[in-house]
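Pasting the structures here.
Common to both upcoming complexes is chain A, partnered first by chain B, then by chain C.
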Partner chain A sequence: MGDAGLSEAEKTFILHSVQDDFREDGRGNEDFRHMELETSLISNTNGSARVRLANTDVLVGVKVQLTPVDPERPEVGRLEFFIDCSANATPAFEGRGGEELGSEISAMLTRAYAFPGAVDFHSLCVLPGQQCWLLYVDVLLLECGGNLFDAVSIAVKAALFNLKIPNVTMTKDEGGVELDLSDDPFDFKRLDVSGAPIIITVNKIGHYHVVDASEKEEECSLARLMLGVTEKGTITAMRKEGSGSLDPNSISDMMEVNTRFLCLPGI
Partner chain B sequence: MSVDIRLASSRPAGADLYHGENPGNIVTPGDIITADTGFMRGHGTYMDDECLHASVAGTVERVNKLISVRPLKTRYNGEIGDVVIGRIRELAQKRWKVETHSRMDSVLMLSSVNLPGGELRRRSEEDEKMMRHYLKEGDLISAEVQNVMSDGCLSLHTRSLKYGKLGQGSLVCVSPSLVLRRKTHFHNLPIGASIILGNNGYIWISPTVQDKSEESGGYETNLQPVSKSDREVIARLRNCVLALAECKMLLFDTCIIYTYEASLKYPVKDLLKPEVVVEVVDLVRQRLELEGS
Partner chain C sequence: MPLDTRRLTGPESSQSPYNFAPVNKLDLTQLDKRPDGRSIKKLRPLFLRTNVVSQARGSSYIEMNETKVICAVYGPREVLRREDFSLKGQLTCDFKFTTFSCRQRRQYQQDSQEKDLSVLVLEALEPAVCLHKYPKSQINIFITVLQHDGSALSAAITCASVALASAGIEMYDLVVASSAAICGSVTLIDPTAQEEDALLKATVKPDNNAGSVTVAFLPSLSQVSAISSDGELSFEILNKSMQECVANCQKLYPVLEHTLVKHQQELEAGRS
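Here is the complex of A and B:
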């Protein structure tokens, strides 16, 4: 749809529908849309996933690479996020249009995954002090239909779950250690993602809190709160978006809505 | 609260799309339609090596010697007399630019709208200044295609009381090729909602309004809350239309009503699930076939 926005009457209609706890498509305020998940669909990545949430379509590929360790933290591996906003998704992404959104999403993901329990960063270290795995997480936005952050975070978690890290054999020879990557496609290890966070966005529409807002509903919401939460209930990141302000009470209400989704079925 | 995640591999296979039709009718870009040179080249085709090829994905249609391909997914190609739904994009000198899912923004001239105060009123400079008061950016309108310019740009008019600004309701966007051309595109459904099937693939579902006041020319919108029961009907209709569109069924009033009836045994939000969609649409398809339409 065009970016001219909604008419006054449509906004009123959506506002009242949220009040009635019966949204435009029949969902309640705390219902997610139907989600479809597909994993290991790109053969030249080490792990990949695609999430389709109604109209939102996200493709994630993870590549692993051996790199020298970060001298400040010599015993852990690293994660790097990159978001590509394809102009196929919306014409607004053409040229450099999607860059801002892309860096916002990657900043949010980086922050959410920055806490020590997210993934086992120590297992990503191959040779402490020298070599570690660097995971390049590439996200491609294929279609935008609202609630982008949540869909991206779920796709990233699924892709990390799907990740196959080849085993490395180390041989000592004169002067140093030689690393040998296994060629056998079945000789790999998995990454434990049970602690990986997902992002849940709560939109404030009128006086009510709505999850998984469609594009139209997002346009009606003045403020939204995004939280990175893990299965255990740890909040790893928080971000507020939108022009509206939030008072402390509604923030805690929104956080409550957020944490209620922790019983999400593990992928 | 509910969350519903499943694997793409468990998606229901669905009924076959080409049900009841000859599947040979469907082509993809580059397919050879015929090597016979006795035919004429229509829309969606091109000549190469003495053969007629398809340039879009869709169904082949033949009228006497003319072969054309009707694309499944397309921008809207307007024709005079079509009913369309559009959204006001910008205001310009004596005209509104309207987004109608066409390749270019359509034009609605100030002189081709009904202004409050009678049809035969002279349009003054005052009216020009009041344009944003009548229709502003973001407003939805229903209109009729008055003219197609040489570059494909559409000029619209709303000079009838059935056209004009739309109030509260729900807009659904589907492919324009899925809307069946009919005598009437405005329907007051007996279930308590009105639906406008725009030829451009925009479908407007709203609560039925009893009396449209003529004095304001339809520019006043009612912002009173819609009752919950009306809202439920609208939401169900919306999901039904999307379900039909997902299964690539042609949209017209009867099949929408049938889908609505077939869907009544499910709660509205279950109609977002693929297996329910397939089941409901299959029932409708059988019923339509039974009645021979």
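Here is the complex of A and C:
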């Protein structure tokens, strides 16, 4: 992040615009850009969504698969995140270039979804102690225009909302239990995502707190605070990013800015 | 693969016997005394030492009862690849749990949790190091957790900052980290692995708080260099535990100072 190649004068311009609460594209410091959200785009997935936030474009596909349960947690299903940083977005992602960013985003998502209330993990378990659903959440970054974490998290939540999990019938045999997947495309269940978190990033630019920063603005900020927040107002993951440090009071302020955005992208 | 009928083939996959062993459950809601006898607000005793790896530029070892971490710092040295050239020095961090450090055996290769922790340690240290003093060079930090009994991240950050300082790397401040586990209204300072585990498996009601927070702090600048939290927490509780962690970091700071003073004295004694 932050390779727009700004000159000192351009940085000062952005700094001043943030000071005046009137940013480059006419927004205030606490305004989001317009968001376009589409679901059910890709027929081969069980759930998909695409989010476009000005220049940021993210596509998410969810595929489900039956797997043996995790022996440590035999009663719940699992979620797995994978972020593909396509070289279409930035030449810097070519080869293994995007790997670091990808693993950072997936680590943040994994942590934000790690609490028991995120989705109904118990409903993802088909046969307790034996088989459960494993949701592969694959994210493709098509275009990077700043605020990737937020866009990805919104797209992930939308894709999970769109998810259709085929119903399974179980028949008891001599040799054990036999699982039968329903092949009727209308015989499915949905996943309750009302508890699922989204990530809100607050950037510190100068002494001001800015949400939904563009790529240029991200280059001007030395530190940002990323929070996974739920509709209820709870915080499910927090992380500071960037090379700067923050005052403890300023962290509290930034957290407050965060929680103000809770009801915003209610899908 | 063709099946060899003459040989007794074991199951394809194996599980740890601990999965079947009864776990002594820890009731986090009723904790007036913790399993190790501490009160909920008490930190574990900290043991710190420098100069444990003779080949490294700087190194340190930290022990918080059963959590043991060793860290070595190499560099500053030249950046090998030309395309990685930069006027600011580069800091790299490699965080590794030894295969035998946890209850379950860990893999030799760095897994995603370890990668995540590497990035967190790096972000905690970066604000403290005067990277502009090291153009065209890199500083490598290697952290190995020898034994994991909770709060490994905070131990690693503290250990790495002492190792950096003992290597003579110019820094604005030392970094001290501290962590807390939260369950309902109870905040456990400096949790052990048993307490962290109990929290993860706790079946808490949806509107309850359960999670953990780690704060890295620059004591003399009074700045937070990294913060990370897990689990579901309310804004007020998270804020409160953050302040508590900051206060604990302040408490630990003299230990770090003392260790470095001792390190310096040993160096000078060696010279004369």
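Convention: the second predicted complex is superposed on the first by the 262 of 267 C-alpha atoms of A that agree within 3 Å, B and C clash if a C-alpha of one lies under 4 Å from a C-alpha of the other, contacts with A are read in each partner's own complex, and residues count from 1 in each chain.
The working rule: a residue touches a chain if its C-beta (ideal position, glycine included) is under 8 Å from a C-beta of that chain, and two chains touch if they have at least 3 such contacts.
Keep in mind that what you see is a predicted model, and the values were worked out from it rather than measured.
Peer 1: Identify whether chain B and chain C fit side by side or clash on chain A in the overlaid structures.
Peer 2: fit
Peer 1: Have a look at where A:E75 lands relative to chain B and chain C in the superposition and call it first, second, both or neither.
Peer 2: In the superposition, A:E75 contacts neither chain B nor chain C.
Peer 1: Looking at A:M255 after the superposition, I want to know if it touches chain B, chain C, both of them or none. Which is it: first, second, both, neither?
Peer 2: It touches chain C, and chain B stays clear.
Peer 1: Could you read off the angle at the CA centre of chain A, spanning the centres of chain B and chain C, to the nearest 10°?
Peer 2: Computed from the C-alpha centres, it is 110 degrees.
Peer 1: Per the contact definition in the header, classify A:S17: touching chain B only (first), chain C only (second), both, or neither.
Peer 2: First partner only, chain B.
Peer 1: Could you tell me if A:D192 is touching chain B, chain C, both of them or neither one (first, second, both, neither)?
Peer 2: Neither chain B nor chain C is touched by A:D192.
Peer 1: Look at A:G26 in the shared chain and tell me whether it touches chain B only, chain C only, both, or neither; answer first, second, both or neither.
Peer 2: The first partner, chain B, only.
Peer 1: What is the contact status of A:D180 with respect to chain B (first) and chain C (second): first, second, both, or neither?
Peer 2: A:D180 contacts neither chain B nor chain C.
Peer 1: Which value in Å is the smallest Cα separation between chain B and chain C when the structures are fitted on chain A?
Peer 2: Scanning every C-alpha pair, the shortest chain B to chain C distance is 12 Å.
Peer 1: Touching chain B and also chain C: which chain A residues?
Peer 2: Correct list for chain A: none, the interfaces share no residue.
Peer 1: Contact residues on chain B for chain A in the complex?
Peer 2: Against chain A, the touching part of chain B is residues 1-9, 11, 87-90, 99, 137-140, 166-171, 173, 221-223, 225-226, 228, 231-232, 235-236, 238-239, 267-269, 271-274.
Peer 1: Report the residues of chain C in contact with chain A in the complex, numbered from low to high.
Peer 2: On the chain C side, the touching residues are 15-16, 19, 112, 115-116, 119-120, 123, 126-128, 131, 203-204, 206-207, 209-211, 213, 218, 221-235, 238-239, 242-243, 246.
Peer 1: Quick check on the complex: what are the chain A residues that touch chain B?
Peer 2: 1-2, 4-10, 12-13, 16-17, 19-20, 22-28, 30-38, 50, 52, 54, 154, 211, 260-261, 264-265, 267
Peer 1: Quick one: which bits of chain A touch chain C in the complex? Just the residue numbers, please.
Peer 2: 71-72, 103-104, 106-107, 110-111, 114-117, 195, 223, 225, 230, 232-248, 251-252, 255-256, 259
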